[in-house]
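Read from first to last, the chains carry the letters A, B, C and D; within each, the first residue is number 1.
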Amino acid sequence: MVGYKFMGKAHSHAYKDVGMFFDLAANVVMKAICGRDEQGVKEAAERYGWESYETDWRKMIAREDIDFIDINAPSDAHKEIALAAIAAGKNVFCEKPLALNLVDGREMLAAAEKAGIKHGICFNYRFLPAVQLAKQLIDEGQIGEIYHYRATYLQDWLVDPKTPLAWRLKKEVAGSGAHGDINAHSIDLARFLIGEFDRVVGHSRTFVKERPILTSSSGLSGIASETERGEVTVDDATGFLADFKNGAMGVFVASRFAAGRKNHNTFEIHGSKGSIRWDLEKLNELEVYFREDEPNVAGFRRIFATEPTHKYAGNWWPTGHIIGYEHAFVHIIYEFLQHLATDSPFTPTFRDGVKCQEVLEAVERSIEQGSWVNVDDM
Amino acid sequence: MVGYKFMGKAHSHAYKDVGMFFDLAANVVMKAICGRDEQGVKEAAERYGWESYETDWRKMIAREDIDFIDINAPSDAHKEIALAAIAAGKNVFCEKPLALNLVDGREMLAAAEKAGIKHGICFNYRFLPAVQLAKQLIDEGQIGEIYHYRATYLQDWLVDPKTPLAWRLKKEVAGSGAHGDINAHSIDLARFLIGEFDRVVGHSRTFVKERPILTSSSGLSGIASETERGEVTVDDATGFLADFKNGAMGVFVASRFAAGRKNHNTFEIHGSKGSIRWDLEKLNELEVYFREDEPNVAGFRRIFATEPTHKYAGNWWPTGHIIGYEHAFVHIIYEFLQHLATDSPFTPTFRDGVKCQEVLEAVERSIEQGSWVNVDDM
Amino acid sequence: MVGYKFMGKAHSHAYKDVGMFFDLAANVVMKAICGRDEQGVKEAAERYGWESYETDWRKMIAREDIDFIDINAPSDAHKEIALAAIAAGKNVFCEKPLALNLVDGREMLAAAEKAGIKHGICFNYRFLPAVQLAKQLIDEGQIGEIYHYRATYLQDWLVDPKTPLAWRLKKEVAGSGAHGDINAHSIDLARFLIGEFDRVVGHSRTFVKERPILTSSSGLSGIASETERGEVTVDDATGFLADFKNGAMGVFVASRFAAGRKNHNTFEIHGSKGSIRWDLEKLNELEVYFREDEPNVAGFRRIFATEPTHKYAGNWWPTGHIIGYEHAFVHIIYEFLQHLATDSPFTPTFRDGVKCQEVLEAVERSIEQGSWVNVDDM
Amino acid sequence: MVGYKFMGKAHSHAYKDVGMFFDLAANVVMKAICGRDEQGVKEAAERYGWESYETDWRKMIAREDIDFIDINAPSDAHKEIALAAIAAGKNVFCEKPLALNLVDGREMLAAAEKAGIKHGICFNYRFLPAVQLAKQLIDEGQIGEIYHYRATYLQDWLVDPKTPLAWRLKKEVAGSGAHGDINAHSIDLARFLIGEFDRVVGHSRTFVKERPILTSSSGLSGIASETERGEVTVDDATGFLADFKNGAMGVFVASRFAAGRKNHNTFEIHGSKGSIRWDLEKLNELEVYFREDEPNVAGFRRIFATEPTHKYAGNWWPTGHIIGYEHAFVHIIYEFLQHLATDSPFTPTFRDGVKCQEVLEAVERSIEQGSWVNVDDM
């Protein structure tokens, strides 16, 4: 595994716990974790239970005792590491975004397909029981023809102008801001749930254009310089309209400037037979409305996706005992490990990373042009 | 009508508006309103649309142009006025509580039955569309055998120790405090929805034992004296357990000391086939759970009781347009007026006032005795 | 008053009740109601308490005992009636939309201003206590600089393809569909709360293109023909992005195809100091987040706008006793009557109707053009 | 560790993960797990990461490489195992209930205190960030003098009469039913948050008196016999009133017959300065009302207890990323391990287990007697 901070912790936890709750077709051995700062990565290896650590990812890729590589380093490093891993014939599981831009992403996909390795991208929210239930209801036709899809992904960690300039706020490292980081999740969920995008038109803002330089970092925040300031080169917020290929209308808003919304990743879907609403802040619940319910007693049902019938839920605790954020990583890694061991089908792959990137860049182009952009033209 | 303050306003509004939204079998003419303070009652008559006013209720009862009397004066006056009205052969609609105590209430009921007049008591919450829906579901057996009934009626207007000593805080005028004022509503709703009480055991508190004397009054509050203080002689909060005759277990809590709960009149019912939850602060909504829903998609439904299928709702506005507190008075008065005009069945009557009073006093006796009291022993 | 159906009922109720709850500077006399169907308007006059009725609005306008005209006839009749009333020197209060299009609306505004009459438009939702509280907080700077405005107005009465072709679905009578009917409300609330629109880009759909002809009508629905079908010539749903002149980003979605959303008129606003959320289905509540609250105890506050400090709330019932949909009409008519009697300031006027129409038509033009449209270019 | 089923899984997970998220003063080595069924315990040892397994707890206690024993076997085994472990000088961490009855619990406490070992009881819900926040607010005086405490712990896994007769439904193994299993949690939280009980009065029910015999078991459910039925010897639901020593009034309801309530462990507290509400189904949230908030903007705040300021939350994920049910076990075990390693203060101990048992048995006695029972008389 390359990377050992926020995502490194989430992924490590998943590898450590997955075998405790799921029946794996093969054992996982946590061979090595890799990072540039030896002290940091050494501590991470001990704390998270990795057998060894490396400070040069090239060395790690070269190791013969390693079958697959999990990449969760900052976004600008994804491409180089992935291409090297693919060249070495390793299977690759990569954090989103796949790459800084569509060209790079396509190169990675082509390399992976040519090499015939197995690849995955960590759109983890697909793997929550409530989201799986939404998918099931739509696929079974219980929501009918889809008319509307609305998504928000709202956070507020940048409202404070004193929040420093982390790597996520630099275009050259992160690719984009709220758009690439959190709209990416919303785009993937929309594709997963209702299908492909046809065209988009958007707008974006960088509300606070300069921030204190970050002097040290950990997770999402860090210690800010009191004197030096740097330019924010990514968007604080991006919204866009979408037309889907199935005729549905879509609206997406991502923002890190939504005071009080901590991790407000929501979707609401209206179809000819019903509606669905979900919110990551209440990730165990799904609200569903069925038009076929008798009008006298019809209403949005608040479904706790903790029943044994709900995918993955039965692997954890009895009904009503909720799971948390990190469980989605356990589920996606379970599915990817099974895919490695048994050739069971697995999505999302690099292809989904590319499709997501197409939408992201179509929105960016629409912002430059001031008009709708067809996603297939990207 | 006798009384012209908080309840006088709510009742007047109902008489004024009922014909606009409901088809009445007979016209209502708002003949006269009565109160002791001539200036106050005169203004009320003009504002609320009464043809005339009286300052002596005996005179009003004596008027030949008046068929029925609505009593919403303070509780200690109910009995005398009602008995006089009954003696004069008038029909009577009385605010709750029927009387200060069970003996008086039984005397009123006996007089009314002997005189053969029509009588009603203003347990208005029965007449909200969502409560009617709850009743319908229970009566149809959709909730099954009832196991649990929990009710709270919580307000917070007394938490501030500077809130003055209104008439509602004096035992000789109000009979009791939170118990008689708001547990009475909860008791009536429980009887309406699931049936009669078997036995009860309770406890109560007067958290603030002295308050500033009230120098003038309007509605629920008034202007407090800065120097003089008087004793609070009623309960601030009363809770009790109940066994119902059908075997259900009940819990009731009424308090005027629940910070942040403004008018939190709730019930939650669990039966062998489902559950129901309601809250007066969201009076248009009913939450219902059906066990027969497929487990994968079962959940509490939030039903908006604003469909044409919901009783009374169709008389107001299209689906989704909510009604407010005072509409319950319009509905109960509509039903009582129809009862007067057409002999359509009507409950709640004085008999329901007496049954409610039996439970109230059984709780009080249980508090004195420190043990369960059978309601039928009252 | 011209019109006697859904809006006629709501306005009549307001004239009837306003004096009961508010101190008016002048008496209201409900002189005459006007409609084309004599039987219908006669019944409405009796039921709603109008002294007389007319079947020709020209006659009503000519009456000398009438000072002002309330227009709530179908939208295509607004202009002709209003111009005639203005010509007769009457004050005019008009339902939204002001006119079928911007040209007509501007003509009406010019005529009204030239004649010096008093005019108002019924954007009633401005006058709910919770919305007034939102306005107050924003005006006081408690939310800070505004970053985001999101609005939805969702209904579901058209999801059923058997719902017939009411006048609201014909472009020549209604002007537009969900856009003009309900986005209009959202646009007005946005202007009221955070200011003017700069530019917009949108998309729209007519999901069900043919519907059964309506054979008779009442309120929002009616009886459908089993054989004849007609074309739906308005939008079922319209969404758009907006840039505001103050720099805020906006998203608006109006739909009559949102299963389970009955009258889901919401806005959510994020600023540099806090956030606000409101929903018409819970119209007495406002959710507010203040960034200055200590992080340990910061959270969205669910405020019941039923305190005496909340505008209009004290005129009704004690704290916690909720009001309903129609109360907004009482409030706006109270303010307009006071404006007539005392020259107190009043908005929204025809000018606000025109400004709203500018945005509506800018969205329509953006849909034709596939690109952003500046509202000032309209 | 003795026990390897539902609680065994939860405890094992905690030992495995605690070092990944918390800085421990000493290493944890998962030496051995013990259970009667060799096949089952062997699999559990492998799956959960225990170095070895035993089928005889006496052997495990005798092992010199083991410092402390975690007991989560069925309740009737707690006493014997604990006494043996204490006799061997091992520290003991025990699942609740401490014992089947008060006499046994007191014996265990006396033995532990006499031996000078360290002991803890697994009242895990104390250790959730939102509950810790509630405790902090109360201790700081921000809620003021406490007037009301209401708790429910509602589940619905027994509503179905076909649910079989698990060990939790047999008095000789479980001690009691809903009362000892889930009211125990509510009693402990009340003691933790507002202090000691003075007196209680209760009622209880066994709604379904016979159930199918269980033929095999796993977790909370199992496979039911189609022919044989056995008697349910514990309560399905128990409710009680409580007076607290600080003068507060309490109400408690525990039920396994509350359709739709899956794990609805709630408390609501009203004090002179504010109110608090919590619900295990939304365990990351705390609702708090402060009376000192300006009335115009006062309302229950929905606080996400995922900020770095919230106890334990910062050890997991960034703000807004929720944790789940099992995290409470990680926290309590972290605290107990620190207690073992550094002598940091730790509650709850066996003493809290005994105090809880006193209340449980006082309620049972009150049910037999039909009157209030003083807890200190137990």
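The rule is short, and it goes like this: contacts are C-beta pairs under 8 Å (C-beta built on N, C-alpha and C of every residue); 3 or more make two chains touch, one makes a residue touch a chain.
Keep in mind that this is a model prediction, so the values were computed, not measured.
Shared contact partners of chain B and chain D comprise A, C. Across the assembly, the mean Cα position most removed from that of chain C is the one of D.
Chain centres here are Cα means. That of chain B falls 35 Å from that of chain C. Chain C and chain D have CA centres that are 54 Å apart. For chain D, residues touching at least two other chains, in rising order: 261, 298-300, 304. Looking at the complex, you find that chain C touches chain D at residues 133, 137, 286-288, 290, 293, 295-304, 307, 309-310.
On chain C, the positions that touch chain A within their shared complex are 147-148, 150, 152, 154, 156, 159-160, 201-203, 205, 207, 237, 239-241, 243, 247, 249, 251, 253, 255, 257-261, 270-275, 289, 291, 298-300, 369-372. Residues 6, 9-10, 12-13, 16-17, 19-20, 47-49, 155, 157, 219-220, 261-264, 281-283, 304, 306, 316-327 of chain C are the ones that touch chain B when the two sit in their complex.
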